[in-house]
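The two complexes that follow have chain A in common; it is paired with chain B in the first and with chain C in the second.
Our next item is the complex of A and B:
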């Protein structure tokens, strides 16, 4: 259904040769032929002129740095090279063998994958449940929920991180006070959530999921409203259970959107940086490092830009599979037609 | 249970479903309650932000936090506003975000027109590149961009940050504006040109007005992104007097601890424009997302 639906959404762009300067009240039918030929040349050039600025900008900020990352990861670039002293030596695959042979790297990678998986599962699960729930609410309740979601969504990351840091503060945090009140155990007062990385990542997960759920809900809700009601009705009249209706009618329609949002979440949560960075007060301990932070600290704190680049490159390679999958989904839904 | 709830309320003639009505009413009440609890949980950090910014300092630095403040005060806001570099941080954020958005929208509109209106060699590849670059981790780009800007003298300069923000919102803006472009019938443009408009004239008088809502949505989205960005601002700007607002927030955390009251007040001030913008574009963004990114 999706394919047919997307095709119908907009007229396919046709390469219509249209003339800019040659206008006038002359009847178009009469001299259409010679004009068309003359303008086809212009029409062929124009789109390239239009995309040129975009291509230049993207090349400057994405493509060139990416190439530079690849080059640097085969060199040994440190502080000396940054200030222009001396040549940057080529070291071949040394950076990669060093990193891949470092147990710390694998620890960081494992942590990143586990953290990402938990965040994505929670975000998508909670997001989908809320979106499904939104279909069944009274109008005013749905409005209240939407406003709450947008309020959460619109909070700058930096601000949200400050609030969560404050909520989890060991001395003056609300979480500790509430826990002490609820359990009657005064030990919670002064409890440091970040001493144990598992607890610390719990708070970080809370922040990440809280920040990501609104996007998922609003996108999934938009997708759910496109499910034809007649189909659901027909299915339930035919005796399908609620779950059956969902499984065989609703899910096939929303699946492409769900996969896209889930894939994006994987990429975003794999690269969580700001939340950890800010909750740890700009100096995350080694046990809080994910791949992004690890690459960052290698590059800027150990001033080994080449090691940092190599780690970044490995991260990009790890994610490229997900990226290709995402692209295939987009092509299937007709986005890149 | 859930699906029948909705279907039968919409169709009153539906006899088999009507039998379920009392059950459904109870269901809806249950859903409403769960939804209100969810809304409260989602909005709680926002509530805590605002309420903490208005709390007297002795309550902020209390070992016994309460959900409701005993009294309200603007002292925190006074301390936040008096903090060094507040004015320059606003200026920096405005300069960087607005310039990046204006530049980004011009480039994105041109590209969106090309992608939406013409079928040319490399069009698909361009869209794929646009989608793919969005997925590159910013930290992977950070190191080479930092080194390059350092070599070009772009550290501590606004233009370095502007270029980065401009390009990082470019792919999304292009795809979103394209969604609006393909919904404008080509015939409109053609008939304007038959009536004597030049191509530029047709764009200005016919296409641009129809594109305006899409442009507004995309530009506010880009503005919010640039306004909220932290990592690149933190790395590329070291000069205190050029900090953007998000980096400036760090000045409330010193070695002696964090002034949470003032930090919450400053955070509230920074969030207000973002919340307003989000409220404005929310509806349009849903249109843009569904017509541009979901439906195509």
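Our next item is the complex of A and C:
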């Protein structure tokens, strides 16, 4: 529509002071709003109709099971009940009080938190350092590095876990052979990395961090390229040290992205399951249980599905604080309006 | 991840409610030629890898009688079968016939998952091997059909023993065996420090419990007075057995002592050990080129009775499989018919020809004299068995015994580890 059309349709605009570049056409656009809104109304349902199948699918896959999980955690469901050969008794909050009163649960929770913290710190630290390094690399080295990172990122968990498991195998593993060759100490041959949970978690952390770093590097590198070069130059001309430039110019620009990636890492690393499960050959010892594995073993190994659901729900509650923080960050940076 | 799994169980549970309405009971009286249902059979991979022709043959016989019934055989892995079955039974895609390890049956029977069967409909049911039959029996009723048996024996490399001791026979007493192992060890560790004269992994609880049984101990005992099962690993006899096993592991196993027995045939095929304690048929796996074995060892690997403490043979765990028809199945009669064909005398003949122990004493007898199977067949009468208790599967799934052994190998005292295991057993075994 032209400016003339709208002018004819609506009353003459009220003259308001405005900037020099905002002239004529902007004000008719303002007047046209009611009409445009009316037009949109016709098609308003369409986007919802289009998204409906997806919403239904998500509801079927997530909402129903979630409700079922909540219900189950207030019952005492065993095999007989699962197979329809018995009643499922309601037990109120008994599952929750049992779990919260169980020292093993708190031990597992503590282990999960420590493991998560170490993984997140390492992932974010290493990721940021590599991203900073990428800024200074020549184009082709950076390309090769990016390809390598994406290759590592796209490797399926099963494959990656098998590779790490073989690397750390006590009888035939490469790590032991290398250590024996480097130190000249034959005792490394046959060293069992998973006998001591600290060492075992060391290997698991390696796998988790190795798998998570590529995403951090690529995101942080993208953020770093958004830092205005002229600001950095100005700062160094003003006599700021390299660290000063980073601290006062670079960091404030990348901070929102960093916080968000870190928050995501917290959620991911809190829920690590596959890595531990696969590295321990589908049979994690009790000292390797994090909350996810603990809930799984309660539900499926001890066949107390209700206890498993209750632990899962407690974990969700624990993480919901982190999730809220993440959403706030998203809103703050304006990605959600 | 776990939320999704639990959710899957939740969804499965919902669907079972819907499926339960669709039953049709009028089919059993129909003419076999007109039956057109589907029969789903879950067998373990062993059937697929070792006796596939038997499955094929039985399906052909079945087809003759029921030309329109579709038999759908699905092969399962031992590692995740139980979890898969639990979930499937909660849903509407459950098997009609299922193979169960004989330590697994009781929990399914007690939870009403298996249909009662009439032993008279099966060949040789009057001489079924007792260890197997007992696992299918509850309050005098029969809930599954013994399928095959297995017992663990010594499997050794004749050449290695000859090089070490001058004789290619396995010594008959444990004292002689240990001396021989020392000699074999001295001979082979010269070249390879990581050579184990006896490869006995630390998590191998079947072996550990054989030593417990040798000293008169047991995993758990039934208390008639209290009417419940109680862990018995901290009894003096059991502790002696555990100690004996752990000492053997520490002294003779030079490989990773924290593994389980999964790949011991492979270790032997790679000539990293002279002796393993395995299932009778694993002697074949060692030399089977198609199965990661080493054909060069053909003729050099032999089974023999495993000498145990106090001058006696080591009591072997009697393992094996049972076949059951699920209680939820809508075609129980077809399932029973299929199982009866699959466990007929003729079918058992096929298993026996492959050195697998058949389900009955009558057909077991000739195997006691056959060199390849003598050691295993003769081990059956003295064999020990896991407690036939409701919560036994949970104890296996929770790895109470493996974790106890591992703790001892890491330095916990036998008494403390056994006490802890007993507590865990007591918490699980009666449920």
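Keep in mind that, in the parts below, the second predicted complex is superposed on the first by the 296 of 337 C-alpha atoms of A that agree within 3 Å, B and C clash if a C-alpha of one lies under 4 Å from a C-alpha of the other, contacts with A are read in each partner's own complex, and residues count from 1 in each chain.
Throughout what follows, a residue touches a chain if its C-beta (ideal position, glycine included) is under 8 Å from a C-beta of that chain, and two chains touch if they have at least 3 such contacts.
Everything quoted here is computed from the prediction, not taken from an experiment.
Peer 1: For A:106 in the superposed arrangement: first (chain B), second (chain C), both or neither?
Peer 2: It touches nothing on chain B or chain C.
Peer 1: Of the two partners chain B and chain C, which one touches more residues belonging to chain A?
Peer 2: The partner making contact with more of chain A's residues is B.
Peer 1: Check the residue A:248 against both partner chains and state whether it touches chain B (first), chain C (second), both, or neither.
Peer 2: Touch status of A:248: no partner.
Peer 1: Kindly classify A:90 by the partners it touches after superposition: chain B alone (first), chain C alone (second), both, or neither?
Peer 2: neither
Peer 1: Output check: A:303 vs chain B and chain C. Expected answer is one of first, second, both, neither. What do you get?
Peer 2: Only chain C; A:303 stays clear of chain B.
Peer 1: Figure out whether A:186 sits in contact with chain B (first) or chain C (second), or with both, or with neither.
Peer 2: Only chain C; A:186 stays clear of chain B.
Peer 1: Identify the partner contact of A:57: answer first if only chain B is touched, second if only chain C is, both if each is, neither if none is.
Peer 2: In the superposition, A:57 touches chain B alone.
Peer 1: Just chain B (first), just chain C (second), both, or neither: which does A:214 touch?
Peer 2: After superposition on chain A, A:214 lies in contact with chain B alone.
Peer 1: Where on chain A do chain B and chain C both make contact?
Peer 2: Chain A residues touching both partners: 62, 64-66, 68-69, 72, 82, 169, 171, 189-190, 271, 273-274, 282, 292-293, 295-296, 299-300, 305, 308-309, 312, 316.
Peer 1: Please give the residue numbers of chain C that touch chain A in the complex, ascending.
Peer 2: Touching chain A from chain C are residues 1-11, 13-14, 16-17, 20, 79-80, 83, 86, 89-90, 107, 111-113, 193-194, 254-258, 327-328, 393-394, 397-399, 402-403, 406, 410, 428, 431.
Peer 1: What residues on chain B touch chain A, complex-wise?
Peer 2: On the chain B side, the touching residues are 1-7, 10-11, 14, 16-17, 27-28, 31-32, 34-36, 38-40, 42-43, 45-46, 48-49, 52, 60-65, 67, 106-108, 110-111, 113-120, 123-124, 126-133, 135-145, 147-148, 150, 163-164, 166-168, 170-171, 174-175, 182-183, 185-186, 189-190, 193-194, 196-200, 224, 227-228, 230-231, 235, 246, 249-250, 253, 258, 260, 263-264, 267, 270-271, 274-275, 277-279, 282, 286, 289-291, 293-296.
Peer 1: Please output the residues of chain A touching chain C within their complex, sorted ascending.
Peer 2: 62, 64-66, 68-69, 72, 78-80, 82-86, 169-171, 186, 189-190, 192, 194-195, 271, 273-274, 282-283, 285-286, 292-293, 295-297, 299-303, 305, 308-309, 312, 316
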